[in-house]
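Provided herewith is a single structure, encoded as structure tokens, for subsequent inquiry.
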Amino acid sequence: MLKAEIKAEVLKEVVEIIQTIVDEVKFNFSEEGLSLKAVDPAHVAMVEMELKKDAFISFEADETELGIALNKLDQFLKLSASSDKVTIEHEDDGNRLVLKVNNITQKMPLLDTAGMTDPSVPQLDLPIDVKLLGKHLQTGVKASQNIADHIAISVGPNGFELFSEEDEDSVKLAIPKDQLEELDASEDVRSLFAIDYFANMIKSVDSNKIVQLELGKDYPVKMQFDFADNNGHVMFLLAPRIESV
Amino acid sequence: MLKAEIKAEVLKEVVEIIQTIVDEVKFNFSEEGLSLKAVDPAHVAMVEMELKKDAFISFEADETELGIALNKLDQFLKLSASSDKVTIEHEDDGNRLVLKVNNITQKMPLLDTAGMTDPSVPQLDLPIDVKLLGKHLQTGVKASQNIADHIAISVGPNGFELFSEEDEDSVKLAIPKDQLEELDASEDVRSLFAIDYFANMIKSVDSNKIVQLELGKDYPVKMQFDFADNNGHVMFLLAPRIESV
Amino acid sequence: MLKAEIKAEVLKEVVEIIQTIVDEVKFNFSEEGLSLKAVDPAHVAMVEMELKKDAFISFEADETELGIALNKLDQFLKLSASSDKVTIEHEDDGNRLVLKVNNITQKMPLLDTAGMTDPSVPQLDLPIDVKLLGKHLQTGVKASQNIADHIAISVGPNGFELFSEEDEDSVKLAIPKDQLEELDASEDVRSLFAIDYFANMIKSVDSNKIVQLELGKDYPVKMQFDFADNNGHVMFLLAPRIESV
């Protein structure tokens, strides 16, 4: 059973974040709120998200798994303004989700969740930890996209760098230590990533929000940020590309 | 003979409304103002419009029929700001319309009106009459377009509904009686329409303007609204689709 | 050697102006500032531009020729806001230009300038001289583009006209003498031009800026305007089309 009310803008942010990784996903509702995990079809990127019940205007739920087509939910949300109240309902014996906003009621068939396994999130002990503003990442990624297919993230005691090159073109974003929100790096670490995936993940970040990145040489990068007045939390993992020497 | 001045925004609205139905139309000018009728090529939708001489800044006309290519008039109007004064002139012996705005003079050949018959508007006695804000219709149509090719309009003593479904997806816009501007319905009536045509008609409505709909079961829907400070009036008719049971 | 700082919006204007004519160009730096000349691949239009050292925030340069791919410079500038300070550097022994804005450093290989000859600008003694606001030209060109491939520019003692026609459609922009900024025309002169080229040139003009046009019957039109607080000056030449009678 599920019956919840939520501000349209919060649900929009949830959809925007997950859509960077998958088109269909399993929403896991419990008494605590909403959680979900998803891995992209090529198994390069993973997202784990939690939205506490306090992020909702009202919330009542048993353990409920709902298979959601994100583009349909996205289209429904486009009928609402940011501050509109959206109602989400699911009857235990029903195969449809019932969504309401303003005078509109939309019924959406649920996807079969049998094939949607919960990916297991690897426990990584990453030595480097850095926090910076979303807009720095966005500018750096935009600059790199003009030039190359890959982006190197380097972090060390002196600061943070994004670097891309292709033939003789190169572009670098360098954020010195004093412009970072936080830096915990006792050594220099550099890893290479596919720029399209990284750009997608970055796209869902609010530009004035603080993002945490954790890195290890040739390890996946872990990116985390809060949303929905800190009642929501999201963690992305992105697998590295091996650098050819 | 025709010599008239009109605010660009009023002529823009005229063009926008008629373009939802046809690309070429016959403008009928008389001492009273401008009137026109048009039916779409598939004979599914019809528009009838009147613009009284008071909608013009200045107006002088004999009975004059002018065949107009709407896309050319539309392009000309894009050269003007909303509040610009547009001058329209036609000499009795001329085969061109002369349009002026600011420092620009455009001469446009008139289309042959021989093949443009005035469609006869059927007299319908429709039992149901409802008035509501344009924005309600627009939201409901947008929601339906996400899902289906057809839209059902239902009106009864309790209120107004738009409904669409396709497979297991469904969407409903329900406006209860007290949120309607006016409701005159002693019975429940429901008719089905092609959503593309209905959406086109709705597109030309100002979202804060009151729209009148008249309905009868499996009869055409009649939609009317005023524009140009109530000196303009437009009536659309849209033929129903037969509902398969 | 080159080391200069410039506001992003000024460099954006330089790129926008030259891109109307060519994709690749030779930037000539000297102690005085930046100058360049370019002719389009079809040899129909030519641009000559000067940007004095006072247009820069700081400026230090020897004689330096740099082959620039304008689309790369354009993409780099899109990473900046209008008021951002851009740094441009070139080492004498380097084959790359180094661009910096905010925390970004982009290195761009220079193009071989061997094949980029400086076109010689013809000395024309054009009898007609008129100055008018950019927005007048822009509206007239937009109107003409709706109708035809060519545009006639006519200037005489009474004023300035743009005229286009195709079959029975025609459009004319007429600016009488008293609405012009300046008019020096003792005779009537009319020349015909390809509208695409003329429209491109006009596109780079600020709409509230004064543009000077010089004309002679069936001679190229010469268009000049200042930018960057009058520290920049640009001259376009556009060859006429011969009017078939």
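For the reader, a short list of remarks on this structure follows.
Every chain is named by a letter (A, B and C) in the order it is written, and numbering of its residues begins at 1.
Operating definition for what follows: a residue touches a chain if its C-beta (ideal position, glycine included) is under 8 Å from a C-beta of that chain, and two chains touch if they have at least 3 such contacts.
It should be emphasised that the depicted structure is a prediction, and the values quoted were computed from it without experimental measurement.
Taken together, chain A and chain B share the touching chains C.
Between the two copies, chain B and chain C, the Cα superposition rotates by 120°, quoted to the nearest 5.
Our note on geometry: chain A versus chain C, Cα centroid distance of 45 Å, whole angstroms. Shared interface positions of chain C, defined as residues touching 2 or more other chains, are absent. The touching residues of chain C, when paired with chain B in their complex, are 136, 139-140, 142-143, 146-147, 167-175, 179. By the touch criterion stated above, chain C contacts chain A in their complex at residues 72, 75-76, 78-79, 95-96, 102-109.
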